[in-house]
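These notes open a run of structures that come right after.
There are two complexes below, and they share chain A, which is joined by chain B in the first and by chain C in the second.
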Partner chain A sequence: MDSTTAWGSASILVGGLGTLAIFSFLIRENPFYRFFEHLFIGIAAGLGPMLVIRDFLWPNVLEPILGGNVTAFPDGTVSEPYQPLYLLYLVPMAFGCLYYCIYSRRYSWLAKVVIGFTLGASGALAIRGFFGEVIPQIVGSFKPLVVMGEGGIMIADSINNGIFVVTLLLVLNYFFFTFGREGAIQGRIAPLGRPLLMVCFGAFFGSTVMARLALLVERVQFILVDWAGALRSVLGLG
Partner chain B sequence: MERPAVSERQPIDRRAQVIRAFTLLGGVYFFLYFILPETAAESLGIKARHEAISNGFIVIGAMAVGLGLFNLVSAHGSRIAFARKGWAYSLALLVGLFSMLAVTAAQWRQSLGITAEARKAQIVGEFAQRIVQDAESHAAAPALAVRAAALRAYADGLLDQIGATLLVGPPAETPLGIELRAAAASLRGSLPRLEAVPGESLSPEGKGALTDVGRAGELLSAALGAFLRQESSSTMVQQLYTLLYEGLFNQLGSAMFALLGVYIAAAAFRAFRIRTVESALMMAAALIVMLGQISLGQLISDELPAMRQWLLEVPNSAAFRAIRLGASVAALMLAIRMWLSIESGSFSSRKR
Partner chain C sequence: MRRLIYLAMILAVAVPLLLGASRSPSRLVSAERMYDVVDTLDAKPGEVALVWLDFGPGTLAENEPQAQVLLEHLFRRRIPVVLLSQYQQAEAALQRIPKEVAERLEAELPGERWSYGDAWVNGGFRPGQSIFIQALVNAPDVSKFLGRDVNGMPITHYPRFAAIGGVEHVKLVGEVTGLVGVFDNIIQFFQKGGYRPTVVHGCTSITIPEAYIFLDSGQLKGLLEGIAGAAWYSEVLKRHYPKSDNSRLLAVNTALSSAHVVLIGLIILGNVVALWQRARRRDG
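Up next is the complex of A and B:
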């Protein structure tokens, strides 16, 4: 067995062991499960910061600051002059470092300054997102109730559009709490949204369970085919 | 209403004011960029710099990366140091954390090395293109013949280096090694044509020669990158990365999600009872969606997949959109309150 195959087998064996450990939780919580659970959290926590540095900070910020995007040609000329404006990135970097003031009793309020700044930016982005994404959805939701085709009215599409619009309005109305529901009209219309919501939740539930079960099937296949095969190979049985 | 005496008034919390001012300031740019007409953003030069400015905002958030690491290390490190209950699990977490950090950093360093090597060949292509561009635009640059000679010397040196270090031994006989050899030969073959580049103005032959060299340089860069990536795939660092990422991270993540699926189904089986028409509707919708996705559903009825599709596309889509619209309006209100610091009294005040 060459080294690449050995590493590949080791990867499958460890992955299978981890999968069995996670599934052992179905019996009850046990040290085997908790060990792999902690290992998983550690690996995920280690991967996250490296991805931020490798995929964002280095190519977009640090490399341009250090002039890494400027190519020196063999005749001494350069691809583009160094942009000193990139040094301005040092300002948000320094400002972002204020997060660490949270560990100081005296200066912890400075961390709130940077958190507040980030919250403000997120708020403005959310406002932009609402008008940029949600408004077109509202407009698009009001579909034509009579769909005309080449041969006249397309009945199935028209009915579907009608159901769509009625469902949308009834569910929206169900969540409308500004006025009371004691009135004759609102008192009768508002409860109609509930069964439609239940249909939606049922469909959600079904989709979620099926997506997770597909993963479960893939895991079981991995254990029965890949992992068992690697185990047999290591034990010299196959 | 009578105003309180000066001595009875609450002291002005300057820090809270600073925090609120920065919160407002944080949103000003994105809000202005959204409401400004495109022509105004262009004339102010904001549009051209929008990506760089947005990156500046992301940089602020990215600097918080160390907070999570520091908290994890301090919480689990102290548990190990004082041998508290569950210290062995904390040790597993920290081993996973530092292994992943170290291995990903080493793998990244290796990848940077490969990119730098491939870049050397890419410079041949870029330099050849630059010579043509400068000559055509009459930009201030060294004489054409000098630049062509520098390009040729650089490319010769690079090819000698590749021939001496990479195109030897068994790796050179692999498909990617053969491809690299062919790309190197193509560049070597195109270099003598650079002699056609005259000293003063660029002739059509000279331009053709430079274009050919540039193309050959780009091909060599691609072949060199692929060859080096293949070579590095068997290194210890790459194998360790594969073990941690594919062997553990991916597998454990999938297992966790699959486990949750089992629990969702089990919880529904235990707790869900059909007592009302609405719960019956919910169960029916769930059953149609689940059965319509598998072959067993088709055995029961050929219509089930179509029913599932209709259920998802019409009533489910409409109800979900209504929920989303309602939530979006609430999110908009919350965003405005957050931006204007109406929501964050306790956040910006001195009280903890």
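Up next is the complex of A and C:
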């Protein structure tokens, strides 16, 4: 077994142990489960900062500032001249670091400047994003109730659009709280949105169950095929 | 009783997998639409597909098969792919999945090559989400903006990715994720002036109801719905490329169907027992 195969098998064996440890919670809480739960949390927490530093901070910020992206050749020439303008990156970095002033009673107001800036920028982004996302959906909700095709009226599409429009109006009306619901018309129409919402929640719940089962299938397949295969290989059984 | 239910569910999944049961998946129109979009994509030399793999181990079960079929199709069509991620835990998937797809295709078609730097480049995890996407779409040259790949090599070093140019040369944006909000970033911000690229999406079963809104409004041109979507896409691929091997995916999809049948049976059984107990209490 070469080193790559051995490393692959070891990863699969540890992965299988981790899976069985987490599944053991289905029987009862136990130290085996606890150990792997903490291991997963630790890995996830450590991986994030490491990847931000490796894939973003170092190559895009620190390396250009320090001139690490400039290669010096033996003949004295360089791959690219050092750009002092990269030093301007230090300004937003220093501004961002003010967030840590939140831990100081005296200077915590500096953190509020950063938070205010972030909130303002996020708000502006959210407004822009809203128009980019929702306007096409509003336009898309204007559907013809009678869909005409080459051979005349397309009955199935027309029924679909009809259901869509009725559902849209009833659910919108359900959340219309400006006027009371005591009137004869509104009192009868408003509750109709509720069962339609229930259908929607049912679809959400059903799809959630489906997703969880998909995870189970993948893990069971991993245990039965990959893990069992690696175990057999390590034990010399196959 | 609870443990018996767990056991029933595990057996429902394990037995079809052990028996090697495999059934043809149901037809899904949204997945077929996505196939047609990729199949008819008119990418000229220098133009690329940008595929975001925004998933980690938590949704690997559904998102990995989706990424596989999408990349397989793009590779078969020789459309260069730039891989990126907004999610740090996608690191392993970004490295492994394209490599596995390329190896499978090379085994299927001896003499043909799909190599790193030619068929795809891995731009890695990029923090910043919506801010990064806005900067990307406004960059005069996507290759120069992305800078280096995960190996530290400038993306301009690879001839097929050397001069992508502006975002107008990104012909397709593929987004595979199970995370809420991540896909919205693409829909909201991946546009420049009047240009919106063709967007296709692979979602987990949980996010299907939300993704359907985008499909209905035309913001999405194709959708892979969980494992079932990937299974049907692989089936359509197999019809066009008969040597394509989708046996593992079909086995998973069959096991999933088996679990659904058992689950529905348990729900019916639970309700019948509850009604029976209520009747007994009422009678005395």
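The rule is short, and it goes like this: the second predicted complex is superposed on the first by the 204 of 238 C-alpha atoms of A that agree within 3 Å, B and C clash if a C-alpha of one lies under 4 Å from a C-alpha of the other, contacts with A are read in each partner's own complex, and residues count from 1 in each chain.
Here is the rule we use: a residue touches a chain if its C-beta (ideal position, glycine included) is under 8 Å from a C-beta of that chain, and two chains touch if they have at least 3 such contacts.
Quick caveat: nothing in here was measured; it's all calculated off a predicted structure.
Within the superposed three-chain model, A:Leu172 lies in touch with chain B and out of touch with chain C [touch as defined at top]. Contacts of A:Pro74 after superposition on the shared chain: chain B is touched, whereas chain C is not.
After overlaying the two complexes on the shared chain, residue contacts for A:Leu224 are found with chain C alone; chain B is out of touch.
Looking at the shared chain after the overlay, A:Pro136 reaches chain C, while chain B stays out of its contact range. Number of chain A residues touched is higher for B, counting chain B against chain C.
Of the two partner chains, chain B is the only one that A:Gly96 touches; chain C does not reach it. Contacts of A:Arg128 after superposition: both chain B and chain C are touched.
In the superposed model, A:Gln186 makes contact with neither chain B nor chain C.
Contacts of A:Leu215 after superposition: both chain B and chain C are touched. Residues 26, 44, 47-48, 52, 56, 60, 125, 128, 130, 132, 137, 141, 164, 200, 203-204, 207-211, 213, 215-216, 218-219 of chain A lie at the contact with chain B in one complex and at the contact with chain C in the other. On the side of chain C, the complex with chain A involves touching residues 3, 6, 9-10, 13-14, 17-18, 58-62, 88-89, 91, 124-127, 130-131, 147-148, 150, 152, 178, 184-185, 187-189, 191, 204-209, 213-214, 216-219, 226-227, 251-252, 255-256, 259-260, 263. Residue ranges on chain A touching chain B, taken from their complex, read 3-4, 7-8, 10-12, 14-16, 18-19, 22-23, 25-26, 34-50, 52-54, 56-57, 60-61, 71, 73-77, 79, 85, 88-89, 91-93, 95-97, 99-100, 102-103, 109, 112-128, 130-132, 134, 137-138, 141, 160, 163-165, 167-172, 175, 194-213, 215-216, 218-219, 222. The part of chain A that touches chain C in the complex is made up of residues 26-27, 44, 47-48, 51-52, 55-56, 59-60, 125, 128-130, 132-133, 136-137, 139-141, 164, 200, 203-204, 207-211, 213-221, 224-225.
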